[in-house]
Structure formats: structure tokens, C-alpha cells
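In what comes next, subunit A is part of two complexes: it sits with subunit B in the first one and with subunit C in the second one.
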Partner chain A sequence: MILMDSKKSGAVPLQKKSGRLTEQSVKYTLFITATVTVVTIFAILFFLLQSAYPILEQEGVWNFLTGSNWKPEGEIYGFPAQYGALPLLAASVAVTIGAMALSVPLGIGTAIFISEIATDRIRSIIKPVVELLAGIPSVVYGFFGLVILVNWLQVSFDIASGEGWLAASILLAIMALPTITSVAEDAIKAVPREFKEGSLALGATKWETIKKVTIPSALSGITAAIILGIGRAIGETMAVMMVIGNSALMPSLKEPFMPLKTLTSAIAVEMGEAPYGSMWQHGLYGVAVLLLVIVFIVNISSTFILGKIKEKHTASKSRKKKRVSPLLVQQAKHLGKGVIGVIVLGVLLYLFSIVVIILILVGIAGIWTAKKAVVRRIADRVKIARMTERIAFGFITSAVVVTAALLGIILYHITVNGAAAISWEFLTSPPRNLGREGGIFPAIVGTLLLVGGAITFALPLGMGAAIYLTEYTREGKITKIIRAGAELLNGTPSIVFGLFGLTFFVLYLGWGISMLAGQITLGLMVLPTVIRTTEEALKSVPYGLREGSLALGATKWQTIKKVVLPPSIPGVMTGAILSIGRAAGETAPILFTAAVFSQRFLPNSVFDPVMALPYHLFVLTTNVPGADAETNAYGTALVLVLLVAGLYLAAIAIRNRYIKSMKW
Partner chain B sequence: MKDILIRTENLNLWYGDKQALIDITMEVPGNMITALIGPSGCGKSTLLRCFNRMNDIIDDCRIEGSVFFGERNIYEQGIDPVEIRKNVGMVFQKPNPFPKSVYDNVAYGPRVQGIEAKKNLDRIVEQSLHDAALWDEVSDRLQESAMGLSGGQQQRLCIARALAIQPEVILMDEPCSSLDPIATAKIEDLMGELKKNYTVIIVTHNMQQAARVSDYTGFMYLGKLIEFGETKQIFESPQEQLTENYITGRFG
Partner chain C sequence: MRRAFSLAGDCHMTSNNHKKIGKIMLAVAAITLVTAMFSGCLGGSDTETLTIAGSTTVLPIAQLAAEAYMDEHDNADIRISGGGSSVGVSSVGDGTADIGMASRELKDSEKAAYPNLVQHVVARDGIALIVHPSNTVSQLTVEQVRGIYNGTYTDWNQVGGPSRSIVVVGRDSASGTREFFWEFVMDKKDFVAGMLEMNSNGAVHSKVSTTQGAIGYVGLGYVDNQVKGINIENNGQYVPPSVQNVIDGKYPVARNLNMYTNGSATGLAKDFLDFIKSPDGQQIVEDEGFVPL
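Showing the complex of A and B:
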């Protein structure tokens, strides 16, 4: 012992000391990166509250919340301004309830179908469909809603304008569907196989097993899925503002088509109009605080429920099976097939219109089962149970068909009309005549610059935080706080990020509307995703490798650098690409921070404003009249969807190679 | 030999490309306990699951050959596995009570069969719990969650649950492998009682258990049924070299 000590301290004292120093500084650096999420959450809260304070002081919190008139524009148009946020709140609730009425049955039906009914082949087609629905940028949903859905509602129901409550609810239902489906599917899959086998062995049919054992066991997970769907719907901005009509009226059940203005759409629409420093602007900050509080409550309650489930599953000694993360990996092969099938389905259903087809399907099913009932004269209970099962599966299957058809309709429209607009000139020239002519070259480059900057900012921070969380701490108070920060940041609506970017980077730091402000705002938004995916990648490296390296005398940081990080790089890259895909489609965060419409030139520095595909699509659709504008909007939408889909495919490809090369 | 209740004929089973059962032909006598023994992966659990068509729920599973219950081949076209499973109870390796109350666990099968009347259910639940030697331990907490019972109690609850559908046959897939010796002893005693009214087929890893409780024993190896006969004969004068090697502990 003594000999070794003296030998060591005598031979390499310096190296050891400097090694210690690096070790310490690495640890502190990583800790700082890990606190970014928490700091950001507090900064958002602080700046929003500070800017909202004047209105809350003037009106009082209670009056602000319960006042039934929202007329802040009076301040500049010379009539008495009123700052009651109740109509906005009520509209958000109303639109969300409408969306859930549609989305919950479809989403849970699809989840049951995927996890319990579908064969492997069908499952490998349906899962990518759901993932694709999640991948479509919200501004593209809004565009689709405005040019297709709203017109369809207008014609079908013979109303003055299709813009309003119902249109927004339908659109939100489609957008919340993937969230509900994937979380519910996870919950259903987590029900131990033994429960199902136990039930089947007692002579229950598959449907009886689902109804009496599987669903009750997965109930809390399904509840969390619905709550998360609600969170998604309440926080959604772009798609809603494009189809809701934007009038701050109190929703009335008698008028499902009435125009409304939600919390999010009020911020997005009015922030550009409200003069700087006006009460109107302060009022909008108040609305943002209200929105943030609601979303936080929703997210915290779902986290709580999901946490409870986890506890239950780990506490009961029964199983600790590690589940492979349900990314789209295995389905990648079938993606192409799925998309084609879905488009065909969409075209078919669109041509005959959804409702008619469903009615026919249900009719056929009814007649068929009735006929069976008569012909066989069922006396046996098994046959009755089997028939019930067939009917139930029929309904569930039609939920899946509707889901797939929705995606098909959207993709079909955008592909067919967009392909007509795209030419070499369209891709390589700047826009002219407010985007009616010319192309979208600066927008393509702008989007690439924005997401490139965002990931350059988010990747080092996110990786640092993830390394700190997995390698340097035990689970405890600190990790809990950091994770909570990431969780809250993840649930923060994109419009709130936009507002924070405007307040902090554009105004407070004085960067102005600039590419840099947009990049960092987007970077903060994707940070939680980077942290989570990096953590998953690090955790998949077996603990034995770390011990092996440490036992050979490597320091912690050396071990991380040389043993832990290299095999987790593909996982980290997958997360990064998914984040880029998400950032590329976002509009709300760059709405007030970075984006300009029609600009001939590319930005010269990071402090110049920049064009971006989603923003271009948004303005073309909502502010530029004319058939040419619509054609080019289709082209822009297609380019955006292709860009995002391309990024997701790249992520899948990396994942697949990664899984192949992984030997443990 | 006594009356034959179940008979398999040239039963072959594949999981994908891998053949798990090879040409199994055997006869299981009624009102007896038949044990299936053999090393891990020899196909004994797979064979057991053929008797109530539980293998049907595995996607890439393919079966050839027949399994007769009396005169009826349960793999014949047009036979609903749900119907089969009503006559065959199954107890799994790990106790798998549903996350419901003790009462609801036992009543699950009868309810699925369409029995709704409270009085009937009460009677079935009490009878089944008695038969599974669990009644005295749980009679005062029928409405409490079954997850709160001990492992041995949970397994007896699973037996009660299987008895409640009034099957002819009870399949047990290593029912004691996750239990302690005392709980195991209780289940073994129970099996002795059960064979008065039921035909029991048990898969077990534990040769002493097979020797203690069973009347007939089948030894399986690599998907084949190597030897089948009265337990006494199998353990005292096995005909096959493989069987002898296994029961004398030379492999496995």
C-alpha cells in the first residue's frame, strides 16, 4: 500500500492533479448545462409575469379572469377598452372539448387496434400513419383546414363561413390524435401478458379480455393519454388561428359554427397589432400567463398519473421488463407501403366523402350480422360472444380507417396540388409580387439556417445536461428539479416560446427581429427532446462497460468520453434529427422573433431577419389573396412536408443501422 | 390403464421455422395426475398449451396433427378455441390474478360464461375457493384486491379461478416454480384432492415433485416425447437411456 502510494505520488503527481482539475471543471460545466432548462422556465415565467403585471394591477386578477368582454383594441380605436379574458378561456375549453369528443374515441380505438387486434403486418403500416400525422407541421394543418376543411363545412352545411368552432375542433382532433394514440398504446401494451392469457384461458373471447381486463388495467395510462391530448390541443396555435375566425365571442352550444378566439390565437393574432407598451400588449401577456398556468396544470397531472403507474409497476415485484422504446424503427420498411395505401384510401374516401362510406360500412356490417343472427339461430353463448366481438372490432377498425383516411386526404391534396406548383425556378428563385410569383429559395435557406442554428445551440446543452443527469448524479432532489424543468419546458406551448423570444431576445437584449433570436428560441424549444433522447442513448450503454473502464484506472470523464459516448452517438443523432424536424415545421416561435415575409435576399448576419417555409406558408395562406398565392402555398406546403418527412426518414435510417450494429 | 381422456396424434408444432414439438403421440388418462418433465426448452410447456389451444394466440405458430378430447379433435376446422378453453382450466407459472378483488377474480370465468345472478356467483365463488383450499384464508376479505395476497395464496386463487368454470381438465404450467416450500406443499396437497374430480396435467421442472404427486409421467427431450408411462415405472425402471440419464441427474 505504502509503496504504491509513494510510487504514484512521486511519479505522476502533476498529471494526477491536472486530471482532478479537469474532472471537477467538467462536472461543473455539465451541471451548468443541466440547469438551463430550469433557468429558462423561470425566465419565461418572470418575463411574462413582469409584462403582464400592469394589466393585472389595473383590472385585478379576478376581473381579468372573469370579465366577459375582450375588447383591448378600444385603446387605439377610441372606444372603452375591456380586458376580460373569459371569452378566450371559454373558447379554448370549448374548442378542446369538441376536439376530444372526436379524438378520444378515434385515438383509443386506434391504440386498441394497434396493440391488441392488428397482425404484425397491419400494425407496421398503421403505426407509421400515426407517426406521420404527428410529424405534419401545424401550419400545414392550418393550411389544409383553411383551403379544404373550411370550404367543405361551408358547402356541406350551407353556412356563411366555415371558419369557426367546429373547423378548429376537427383540426385539433386530428392533431391530438397521435398523442392520444401513442400514449394509450404504450399503456395498453404495458398490461402484463399474463393477465390476458389468464383471461383467455378462462374462455373469454379477445374482446371480453380487452374490455374486462386490458382496458381496466390500462385505465390510468389511458387517462394520462387523454390529458396529454388536451394539453396538446389547448396549446396549439397556428392551425387554430387559421381556421377559427378569431372573434372574441362567448361560445354558445347552439352555434357550433360560430367564430371564436382562443387564448393562443388571441396572442398570435393581436401581438402584431398591439402597440408596444400598450395595455393591450400587457393584456396579451396576461393571456399568455393564463395559458401557461393551464398547460402546466394539465401536464403536471398527466406526469403525476404516469409516475403513479411506473411506481405501481416497479413496486410490484412481478416484472421489471425493459421495454424497447416504441420509435418507428420496425415500421420503417413498411412506411412506403403505408403511405401509398393511405393515399389511395384517402382519395377513395374523399371522392365518396367520408360520411357516406362510413354509413355504408356500418350498414353492411349491420345487415351482415343481422343475417348471420337469423340464419344460424344462435343458441350458444360463445357464438353471441363472438358476434359481439366482431361488431366491436368492426367499430374499432372503422376508427382506424377514419384515422388513416384523414392522413390520406391531407397528403393527397398537398402532394397533387403541390407537385403542380413545384419547378426548378420555384425552388431556386426569390419570391416576387408577394409570393404570387417567383419561388421560395430564401425561405428554404432561411429554414435550414434557423434549424441549423437551433440545433447548434441545443445539442451541446442538451447532451451536457443528459450526461450530467445519467452519469454524475444519483436520482434525487437535483435530478428531480432538472427533470421537472425539462418536462415543463417540453409542455410549454410554442406560442409562449415565441412570446418569450420576443420579450427577452428581441426587446430586452435588443437583438431586434433577427435570425439569432429565432434560432435560440427554437433551440430552447427542442432542448427537452435532445435531453431525453440523449439520456435514453446513454442509458442503453451497459453499466459493465463503465466499470470495466474505471477498473483500468480511467477517470470518470475519460470513461464517458471514450467508452460511453461513442456507442451512444447514433442515438444522440437520431434525437437531434427529430428535433430539427420539429423545429423546421414550427411557426409560432419565429412569428415575432425572426421571420419576415417576402424578402429577396438572404440574411447577411445573424442579426438580420430571415424568411422561413412555415411562416411563408402562413402568410401566403392568410394574407395574400389570389389563385396564384394558393398554388404557391401548396408548393410551399409540399416542400415543407417533404423536408420534415425526409428528416424523420433519416432519423429512422440511423436508428436502424444503430440497432443492427448494437451487440449487447 | 384407466380411461383415456385426451389423446394426441402425431402432433407437430413450429414457431416460425423452428420445430418445437415433433410427432407427439400420447394418451392422458382421466382423473389422474399426469406430469410432463424434461430439461428447459424441451417443449413440455408448449405441449401443455396445445391442450387448450393457447398457442393460437402466438402469431407465427403452426400446428399439425390432432388432439382428441374423447372423440372430438379440438384442432378440427370450425372449432372455436374459446369453447375449448371453457372445459380446460389453466394455472400459469407465475401467479397471475387480475388486478381486481378476490371475488371478481373467481367470478370472472362464470361471468364471461353469462352467469349474472348474484346468488349463483356467490355460491360458485365460495365453492371454488373451498376446493382450492383458500376459503378459510380469504373469506373475510373477498372484496379486497387480489394483488395483496401472498404468492402461494395468489396461485391458489388462480386455481380457484380455474375451478370456477367447472372444467374437466386442469393444466398446470410449473405452478410452484415461484413459490416457497410451504406454499408448494399446500399446492401439492391440493392436487391430490383435485384429481378426484378433475384430470390434471402438470408441467414441472422439479423431478421430486413429479415423483411425489403424479400417477403418470412423460419425459420430453428436444421436442420429442421420449418415454411415457406410470410414474413409478418411469422413475424406477426407465426403458430409455435418455430418461435414465435425466432422472439420475446426469444432464438437465
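Showing the complex of A and C:
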């Protein structure tokens, strides 16, 4: 493709030499931007491994992984320090499993509801609800968990402390819900319509079709959704750290409320206190490497499964041409996986046991009356099938109700309590008396500056990379490597970005705690989103337009600049706004790189530290006692949620307008 | 024919859209630029900045002193960030902060890495033991406290209270407060497994104030009417945790709060440190519940 293009331009006699030079330099510039993701991944790995090396050398990799005591503070306390990461690893796994037990049934139920059951009207309400859940920043979940959830658990289960395993799992479940729902929904949507129509035509009810045809066909996609949810949960930091209790104990199934310390919370809590250059600090880098490796494995396996689905769908299409019944083939292929599907549904049943029992009782009563009323056997069977359908839809609807209720509870608490704090003074003055008085103006501006800088850094790089990937290369080894880089960067936990920012920008480059360090750390974090959305936007431009432009004698770069880029700008903007929204809510990446607790003036230069809304909320919640601090924390949380949700809604609005106005 | 026509029509429509979008993009760019300039201008050229980072325990003192200092000195801009004692030490050592805050003394590894650090004690911090206000226990010996924290006593009726199991609340392993408590109260022995580990004084306070059987340790500034401070035995007398009792040497559990500079303090840093040590500064220290020098 590249070769062909250069030949083409060479064959046009009117082409100026300088034009060709521009073409070449554009191509190389774009190539360089495309490599940024890969370079970043290697840089992160290199700096983390380098800092982790002393602990791995001292303890040995195996002992580090399997040692069952994490007591690194011994080094400064003066007792023998122990660096066994197993309790942290086990805690991360335990918390994630707990989260999945809750969010998998809820998420898949919601996905089925959105794609198969809901009317268009209801769908248009439920989808934004799920998207809004994704838009609530991690630190706001943590704040909600600390002031509401933990106390609620404590009272309703009559336990000593609500902080611990279950609290963290519940929060993570809510946070992983949007990921699971949207990916599972895509998978269910991708099931060919003929499958369902065939099943319905054979007389199966809607539920029978969903259970026996749709879900088995979408099973690998649903599996990928679960794996992505796991990736999201295992890398989550702020929310977990605020509610988990932070004791490095081995999780025990007998104590679902016990305090634990995960890989992420260990880094976030201890990094600030581990003496510089100590083994403790090296040990925390080791923990970060371990976390990164786990997340990489999780992400690679989900990419692998999603890739398989694509293959399968193309394969089934070609089979269809050969007139082999695709339904039968699919069914046979998924016989084994169907068992897993049953288990997933079983978990769904288990978790809504109370609802289940009520509904079953209603169902039995219904069936009993149905049996009495209907004499003929066939009609009987139909009735039972309909009844089963009603019960099943009841479960699914209750999943959706739970999801919507969760959002409702969180937003209600934050809005009602936050509105009391918000005033003109609160929005326009700097904090006083440790944030108990005054306002959050420097934090609002600081957040805008941080995300502004992040997107200024990420947008050109991401667009360049996307243009290179879609326009300048054929799918091959290079694109695979670049895409893998973006994929891995996308899955990298935010606390790892924070640690990298601290190690590389703050300490190695000597920028100190500065706005610039935070901007670039956040920019690197959102880069994959920018690349992905830009690529999608570029791909949606029909190929014919490019050919038309090239046929008129325009060069490749002229074509891209004048024909391909303009119509894809709305798509690119959607991606940029989504990225800004994500960056605005992040705490972990700026925790050690950019954020300052208090500041009366705004920063003079990019080398000054800044205040930021999420960090301010975190400090108010955890470090400032008193009722005034809590009121202002609610106010800060509300402003942050409004800011992020506003950005997300803007992105959704642009996307919808774009879809409507695009007619090729 | 019809197809070509419709294509042209659509192209026209989308190009209009592009103009609109172009304008939006331009507006966004302009706003970004203005914000950037705005932030550059506001600082002014004659302001002097002082960056302070480190321990969250010392942070309130630095913060409130900075507010008072900046009210007096218009051209001073003092930025304070937390991060923890170790962040304080390493950032002042590396020159990314002018003053580092730490609630502990320097460790040997830190002394080796940054030989020039100068210690300034700015206040003392008494550690209070707090329980739920409904708890009838109001006094303990250091031995009893140790017994509670090492798991010897698990029920309040073992230390003179009602029959209710004790919920032991402590700080996370990274905390300087915990380190001090471990050395001073625990005789360097292990804490009971299952102790709840909070990552701030505020979190310990809110846990104890909402949990009937709980006991926790916090800085004196966190003792208020939502929790009950425990009187600690010293030379046969039970002494309530208060600033005055620490000053008088009656209340036994207290430590130094430090600020470090790289070499002797100069300029704004010196002026600010002098202010904290002045009577006005020490009044702030006392108001926030810390012990003045």
C-alpha cells in the first residue's frame, strides 16, 4: 500500500518536489507519534523494574511472590522487615472476586435488558444511567463508600467496622458495572438477527431464545466483558484504599468483613511514607510490577477472546453461504460453553435469592392456576414457557432496577448534601482553615489546567498515531505492535501511571511536584482513548471519498487534511471530551506528581504544583476532621461530579448529533 | 444520476457542518489560550514562592501558619502539599521543595542520602487514646493500653468497663504516629492481628466516634466532643490528654513535629520558620490542638 502510493505520486508529472518532501516528513512524523504508546509502555516497565530490582535481588522473585507476611515497616521500626507480597496479591484477587460476584449478574442482566427487552424509550434512559456510573470519579465512590456505605454495613450487619473486604467489593462492583454492561451489550447485539428470528419462528418464547440462542452465541463476548471488568476492578486504587481498612492480612472466607490491603492500596498508602531509597520503597515498586503484569495478562486474554469472536463471526458468515444451518453449528460449538452460561445464570439466581423466592412463589401460584384453567397439554406447555419468561424477565428487570437505584442513591446523597455547601463564595474563593472554610476556586482552575494540558499533549500525539495506523499502513507487524502498546497502556492502572510520573518526571527529570508532571502523566493515561476514538472516526469516512480525492490528483496528505479529517472532527472531539472527563476525575496519577493541598494563588508556571478537585476531596475526606470539612467535601464532590458528568453528556450529545447528521 | 445528485447534496450539508465544527474548535482553542495566559498573569512578577511538602500530621500547622503569614505578606505565595514524611524528606533533599515536613526523626538511610538537612522542631504532638463517648471506661494505664493493642485484653470488662468486645483501631503501617506508638507504648512488640488500620487521624476519629466498642489513637487536635479522651496513668496519677498537661510534662505520650531545610534556612523559608516559632505562630499551633514549644 505504501509502496503503491509513492509510485502513484511519482507517476504524476505535476507533483512538485517539495510536495513529495512534505509527504515524506508527514509520514515519518506520524510514525513517531504512533510509537509513543510503545515507548511509554517500555519506559514504564523499565523504570518500575529498575526501581524494583534491589528487592527482587534481595528476596528472590519466588519469595517475594509467595512470602505470606508484608511487614516492610520493620526496616524503619527496627524489627526484621518482611517483604512477602502474597497477602496483597490474595487481597486483590479476593476483592475482585467479590466484586464480580455482584457485578456480573447485574451487568449481564442489564445488558440483556438493554439489547433484548427494553423498548427504545426505556433504553434511552437506561443507557445514560450506565454511562453516568462510568463517569463518576473513583475518589467520589471512595467518599461515598466512606461516609455512607461503611456506616450502613456497620449498622445493618452489626459489625465492629464496615471497612473491609465487602465494602471494597461492593464499590468495585458498581465501578465495574459499566464496563461489563457495555461490552456484554455489544456482544449480544453482534449475534446475527437470523439466529433469533429462526428460534422465534420455531415457536420458542423470547426468553427461550435469549437463553438457548442469544447468550450461548454471545458467550465469548460476555466472557471478554467479565475479564475487562476484572481488569478494571483489580487496578482500581482510590475507592478501594478509602474503604478497605488497609491491614495486610491473608483473606479468609469466614470473615467477609475483614480489613485487607490490596496491591494498589499498598502503593497508594505506603509510597508517601516509605523512606527514600529504602528497601520498603523498592518493595512497593515490586508490588507495582506485579500489578502491571497481572493487568497485562488480564487484558491480553480479553483481547485474545474478542479477536476470536471476530474470526468466528466472519467464519459463520462464510458458512452461511454454504447453506449449513448456522444455528445448529453454533449450538454444537457452544455445548461446552453453555455449561458456563448456566453457571453464570446460576450465580444470577443465587444473588437475587430473595427476589427469586418471591417470584418463584408467584410463578408457582400462576402455573397452578394456569394448570387448572388450561386443559390441553400443548397450551399448558406454552403457558409454562410464558410464565418462565415472565419470571426470568423479572430477574433481569430487577438487575436493572438495582443498577439504576445504585446511581440514584449515590447521586442523591451527593446532590442533597453538596448543594448545602455550594455558594458563590465557595466557587470563587481559595480554601481557608484547612478547607473547612473558604472555597475551592484554585482547585477548579487547577483541574481545568491539568486536563487542558493533558489533552494538549495527548490530542496531537493520539491523532497522529491514529492517522498513521488507519491511513499509512496496512495491518501488519508494526500496527500490531503499536496497537498492543495502546491496548496495554489503556489497561495500565492509574496508580502505576502515578508511580511512573513520580519516578520519571518528578524525580528523574527533576521537575518536582509540578503541573507539567501531572499534565503529561494524565496525557499518557488518556492517549489510548484518543487513539481509539480517532481511529474509529477516520474509519467511518467512506473509502470512496479518499479515492475520489486521490483521483483528482491530490496527494495523500492533502487528501487526509482536506477530505478525511474534516468529517471526522466530531468523532475526534467526542474522544477528546471523554478523555478530559476521565482525566478530570483521576486522583492516583496526580497524587505524587502534581497535586498540592492548598494554594492561595494560581500557579505561575507549569513547574508549580496545582490544587485539583479530586485530590482536594480526598484530603478533606481523610485528613481534615470536623463537620465543616464533611460539608465542603460534599460540595467538592458535587462540583467534581457535575464537571465530569457535564463533559460526558457533552460527548454523548456530540456523538448523537454526529450520528444523525452523517449521511454519506 | 440520482445517486450522484444526492451525493453532492450531502457533501454540501456536511461541509456546512464542518464550518460550524471548525468554529467550535477555534473557540475551544481560544478559551484554552486565554486560561493559560490568565493563569500566567494572576501570579504577578514580584511574588516569592515557598513550597512545603510532607507529613499530613504537620500539614495543618504549616497550612494555618501560611494563611496567617500570607495575610501579612502580600507578595508571599506558600504552597503546601502532603504526601507523607518520606515525601517531605526526599523532596527537600532533592530540592523540589523548600521545606520538608516530617512527624518523625530522619532515618539513617535518609541522613546518608541528604547529609545537609537541618532539623527545625516546630511543635510537639501529644498522642491521645480515644473511645466512643458512651464508653464508661475513662482511664487506663500504659500497660493496659499495650494489653489492648497486643491482644491480651479483648473485652472492655477486662479493663473495668462493661461487657463489650474491644474494636482495636490503629494507623496503617506507613504512619509516623503508629511508629511512635509502637516504640513508646508497645515496647516494640507486635500489634494484635485484625487491628483496623486507618490511613489518617481523621479516619480513626470517625471510626471511633461511630463504633461503640472502639479504641483508637490520634493527635491531640482530634479530641473533641464526638469522642472521649482516655486519661493515662503517669506516676500514680491519671492525666487527661490536653495540651497543658503535655507542656507541664504530666501527660507522657508526645513527640516532636519537624520541618527540614536543605542547609540553613534562608530568605522566605527562614522568615516563615521564624514566624511559626514566634508567639503568634505558636498560638496557631496551640489553637489547632498541638503542643507549643
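Note that in this section the second predicted complex is superposed on the first by the 580 of 664 C-alpha atoms of A that agree within 3 Å, B and C clash if a C-alpha of one lies under 4 Å from a C-alpha of the other, contacts with A are read in each partner's own complex, and residues count from 1 in each chain.
Keep this in mind: contacts are C-beta pairs under 8 Å (C-beta built on N, C-alpha and C of every residue); 3 or more make two chains touch, one makes a residue touch a chain.
What you are looking at is a predicted structure, and each value in this text was computed from that prediction instead of being measured.
S.K.: Applying the touch criterion given at the start, work out whether A:221 contacts subunit B, subunit C, both or neither, answering first, second, both or neither.
M.R.: Neither partner.
S.K.: Please determine whether it is subunit B or subunit C that touches the greater number of subunit A residues.
M.R.: C
S.K.: Going by the contact rule set out at the top, does A:208 touch subunit B (first), subunit C (second), both, or neither?
M.R.: first
S.K.: Is A:251 in contact with subunit B, with subunit C, with both, or with neither (first, second, both, neither)?
M.R.: neither
S.K.: Answer with first, second, both or neither: which of subunit B and subunit C does A:589 touch in the superposed model?
M.R.: Neither partner.
S.K.: Using the superposition on chain A described above, determine whether A:79 touches subunit B (first), subunit C (second), both, or neither.
M.R.: After superposition on chain A, A:79 lies in contact with subunit C alone.
S.K.: Which residues of subunit B touch subunit A in the complex?
M.R.: 52, 54, 57, 59, 80, 82-83, 85-86, 88-90, 92, 94, 96-100, 108-109, 112-114, 147, 158, 161-162, 165
S.K.: Which residues of subunit A touch subunit C in the complex?
M.R.: 71-73, 76-79, 146, 151, 154, 160-161, 163, 241, 245-249, 258-259, 261, 269-278, 281, 432-434, 445, 448-449, 452, 456, 506-507, 510-513, 566-567, 569-570, 573, 592, 595-605, 608-609, 619, 621-626, 629, 661-664
S.K.: State the interface residues of subunit A toward subunit B in the complex, per the touch definition above.
M.R.: 119-120, 192, 194-195, 197-205, 208, 212-213, 216-217, 316, 318, 381-382, 385-386
S.K.: Subunit A touches which residues of subunit C in the complex?
M.R.: My answer: residues 7, 10, 13-15, 17-18, 21-22, 24-25, 32, 35-36, 39-40, 42-43, 47, 49, 51, 53, 56, 59-60, 63-64, 66-67, 70, 77-87, 89-91, 93-97, 107, 109-110, 113, 165, 167, 169, 172-176, 179, 182-183, 188, 193-203, 205-207, 210-211, 213-214, 221-222, 224.
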